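By written order: A, B, C and D. Residues from 1 in each chain.
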Amino acid sequence: MPILAKWYDFRDLGNAIGALQDQILDWGAPDWVPYVVSGIIGVVGILLWLLVSQIIFIWIERRVIGLMHNRIGPNRVGPMGLLQGVADAIKLLLKEAITPRATDTILFWAAPIAIFIPAMVVFAVIPFGEGMVLSDLDVGVLFFVAIGSINTIAVFAAGWSSNNKFALIGAMRQIAMLISYELVQVFAILGVVIMVGSMRMVDFVEWQSGNDVWMFAIQPLALVAFIIAGLVEVNRSPADISEAESELIAGFHTEYSGIKFGFFYAAEYFATFALCGVIVTLFMGGWTLWGLEEWVPGFLIFLTKLYAVFFIFIWARGTLPRLRIDQLMAFSWKFLLELMFVNILVVGLETLIWREGGYDAATVLPIFAAINWVLAIGLAIFWARMLGHGTASSAGKRATLTQELGAIYYEGAGTPGA
Amino acid sequence: MEDTGTVVAFWALAIITIGSAFMVAAVRNLIHAVVFLVLSFLGVAGLYITLSADFVGVVQILIYSGAIAILVIFAIVLTPQAGRDNAETSMRLPAVVLSGLVATMLGYASIDTNWSISDRPGFEETASAIGVALLDKYILPFEIAAALMLVAMLGAIIIVRDEGTEGAAED
Amino acid sequence: MTLKSEPYVINVGPQHPSTHGVFRLRLTMDGEKIIDAEMIIGYLHRSMEKLAEERTYTQNIPFTDRTDYLAAMTGNLAYVMAVEKMMEIDVPERADWLRTIMAELQRFASHCMAVGTFANDCGTWQTPVMHMIRDREKILDLFEMACGARLTTNYMRIGGVSRDIPPEFLPALAVLLKDLPKRVKEYEDLLLNNEIIIARSRGIAKLTPEEAIAYSLSGPMLRGSGVAWDLRKADPYAAYDKVEFDIAVGTNGDAYDRFAVRMAEMLQSLRILEQCADMITEGPIHARMSTSTVQPVGDPVAPLVIRPPEGEAYARIESPRGELGFYIVSDGGIAPYRFHIRAPSFINLTPLKKMTVGATIADAVVVLGSVDIVVGEVDR
Amino acid sequence: MTRLLAGQDIAHQIEQKYPEAVVDAQPEFAMVKADKLIDVCTFLRDGDLDFKFLNSLTAVDRLDAFEIVYHMTSISLNQMGSIKISTSEREKPVFPSVTSVWPGAHLQEREAYDLMGIVFEGHPDLRRIFLWEGFAGWPLRKDYLNMPGHMAGLERFPGEPGKKLEGRGNVDA
């Protein structure tokens, strides 16, 4: 496929690595050395990209939120404030990492690392481009969910060991949220896996480019649920409950300072990048864009899509207020999970009909898309009405205006927030 | 299984698993014990992956270190009487002797028997193989397990429910 | 199988992002539920009532800016009206109009802060409050144009106002009155119908009208519980009897309704300002003081030392937070014998314990946001 | 307009129910006996005067006596009135607490206790509200931390001609 299969054809990084491996073998190294070398190059590549994009995204996020607040955002450090990320990193490095006296030192020291590692390991599975996935597990998506579930322990260790009431409440809230939204996340992915028929990340991309359709067009409900569950998992507003500034100072990482806090801060960004990566791979066609990947290197398309999804998270953070912890839990157990069950049932039936009936994709996919869109919207409204959301008593109401002095307008009908 | 990478990985993971399992019993602080337990779960998951049973390995991470560890943590945190350290027992010596005996017996048994290496090639697609096996060959145990878990969940809700009805009901 | 859980105490404040100043709330928690709430105040207590006894009536005017620093104009107006009531001075009409304009501008600016910080407490990342602070800046510019100060205005005098508004004030006000209503409608659509804010504040800290009156709440707290009681209508002062406006009333007495009442009052303030802008008359801005007071050399209009007759007076106005009253006792001296401030924020906090017990920390923050306290006025 | 009820009208109403409760009736207020306060206030609240809203409760130190001034409003009738109670006890003035009649007085009575040292019997939680527990003295009293022979308050502007109040010396030119 690549015309110039030379090592400098960077459209497919595989060439460079392939040329390097042959070179090493010519030097007569044992057979496992090129395997290790390409692994290291892959890891270093991802690490560099992560650090650079995190530093840039600190600036982009604060600028975009600044524009939403019609103020300027960081512009002091470097030209147009571009070095803000670097300044933050240096500041965190130089600050003294205080360990409060009565903490459980081993856990206190281990928690930031325990949060940082899963956020990095997840990138092994995400396919950046053609042949550019660090380890092509055929249980790729499940690996992403499993690693996501490890940082629950790390959050608990952080909250428990810093011996601070606020941290403990934050940690307990975080664990409760993570567990209930992990279910929703797994079911959202299940819908997609059923339709694609495999859990390999590269298969998702090939399925979507093969049928020339993006998965979110066929399964909107799964995308919405996955984004909401993702928001909760990476603890970003409107679900940043455990570090809700207005209530608990900074949730489970109240007691951390210096580079330990830097790890928490970086881990949140890396987890969000990973989440955006998985969203793009599962729902938005990974590195393919209707044939554009022939000319433009796949990973550039993938990264632009990833940054676009990240922008949606920033947008949500800038505008939406925060839910209370019990409302968030009720939303997951009473609303999202039921929608996911129905979604899996419908997708399962559709795939069964498609596989058994032997129809080809072009005729059957538009029908499925129509069914799923109508189902998503209808089901959401119906179920919300069932739970009493859309009814009159909980609608927004302006204050009544009156001229009559001393009159009583109290109805007392308002039901507490559902 | 013989190339150097997996052997090195095997021995590294074995040491991690056994070491953290031993630390679970030896360490004083209960929460540290749980963290070491999680470490040993991850070690076992690594061992599965060296045996190229990747689906089981990943599910091991998801289920054991993701859910069951949290269960254990909540159990520890919510039981008020549980002191935060491994209780000091006078049975320390007999425990060591007994575990030593069991360890040597198992070690001898595993080294002495000559395991027959099956010649069938390893599965590439482990996930679908397990899925197929679960849903046609072992469909009955699969359904029974599902029913059992459902009953257990309902039981848990009922225990909490009637105890908290007056509190939870109206507000 | 009851789980034995011992309650623990959490200090929300005095240094805390959402307590609107140095206000400390000590909560005894059982898990997520609050079982006891106690407010500890006094961190900003400057004992103004003692200081005022050592200064002449005119020297006390700057104190009234600093009790409720978010609504300085209404603070001046209340004190000045109390002294005028004692000395039976009637204020010229232009001064009345100026006082009404300044009071309504101050109400709009203060409600901007109140509504913005309430949305903040519900969790929005400072976005609404930033937009509202931008509108508040425009009003502070008007204040600066009128009396040179943005926050502690010190604009009113006993018998009138300190200086007339410059010629470019009214055109600037007209420009402002053209685009502010659009802004407030935008906030209403964005915040009033926002499901998450409704979920967070509907049904929180409900107070029936009888409870609200018994706890002597006033302002948006009282009107939020459905009692249509507004001092601008009940006891019209300055030029309020010459302008048309409505009283905004809530129907469920919860945090959401107080928030909705404040939003509606912002629109009513703009309506009053439009009428004042075109009905304002020319004329003197300060009453001619009777000779019984000590006349300084030079300016016969504003006497340096005012000596009210012996007696007492209680005057009250509708400040953005509620009924702001001044009870002044005079013994014929040049300084007030007793200077008592009836602070609406302080008294609106009476049912705080009843409102927060049983809720969670997140609700306690929303309740505090809906009460809209200014700690300078709470502690005096 | 809010109708200001004269002290005499209020006194007249009170006398019908409690004949000997009224001590003095001035245009601005009606002075009531301290020990009859609770009955009078409950009557004022529930009677046809309908004073359900307590505006403010203020303690005044009249050198020879302590006064508590209650301002009340009737929202339904748009009327306002005020009553006073007084005691000459200087060391430990004690008054009955009206929190049972108007819960709104809770914080205001604690403030009066904290700044003026007036004890309110029957108050559910009488503690200092602004100052810390160990604070000595009551700041708002006229004789608080006074220089001997000098009473607080500006009586005459230095160099100002005009009459000088007895017993109220201040820094004289």
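In this section, a residue touches a chain if its C-beta (ideal position, glycine included) is under 8 Å from a C-beta of that chain, and two chains touch if they have at least 3 such contacts.
All figures in this text were calculated on a predicted structure; none of them were measured in a lab.
Undergrad: Would you kindly say which chain has the C-alpha centre located farthest from the C-alpha centre of chain D?
TA: B
Undergrad: Which pairing of chains accounts for the highest number of C-beta contacts?
TA: The largest set of C-beta contacts joins the chains A-C.
Undergrad: With chain centres taken as the means of their Cα atoms, state the distance from chain A to chain B in Å.
TA: 28
Undergrad: In angstrom, rounded to a whole number, how far apart do the mean CA points of chain A and chain D lie?
TA: 64
Undergrad: Report the inter-centroid distance (CA atoms only) between chain A and chain C in whole Å.
TA: About 44 Å, centre to centre.
Undergrad: Counting only Cα atoms for the centres, state how far chain C is from chain D in Å.
TA: 25
Undergrad: Provide the list of chain C residues touching at least two other chains, using ranges where the numbers run on.
TA: 227, 229, 234
Undergrad: Where in chain A do residues touch two or more of the other chains?
TA: 405-406, 416
Undergrad: Where in chain D do residues touch two or more of the other chains?
TA: Residues 75, 78.
Undergrad: Within the complex, which stretch of chain D touches chain C?
TA: Interface residues on the chain D side: 1-2, 28, 52-56, 58, 60-61, 69, 71, 75, 78, 80, 82, 102-108, 111, 115, 128-132, 139-140, 144, 152-157, 160-162, 165, 168.
Undergrad: For the complex, which residues does chain A have touching chain B?
TA: 31-32, 35, 104, 106-107, 110, 137-139, 142-143, 145-147, 149-150, 152-153, 156-157, 160-161, 175, 179, 182, 198-199, 416
Undergrad: Using the touch definition from the top, list the residues of chain D that touch chain A in their complex.
TA: Residues in contact with chain A: 75-76, 78.
Undergrad: Give every residue of chain C touching chain A within the complex, in rising order.
TA: Answer in residue numbers: 8, 10, 16-18, 32, 119-127, 130-131, 134, 188, 192-204, 206, 208-209, 223, 225-230, 233-234, 246-254, 256-257, 260-261, 263-264, 268, 360-363, 365.
Undergrad: Report the residues of chain B in contact with chain A in the complex, numbered from low to high.
TA: Those residues of chain B that touch chain A are 3-5, 29, 31-32, 35, 38, 42, 54-55, 58-59, 61-62, 65-67, 69-70, 73, 77, 124-128, 171.
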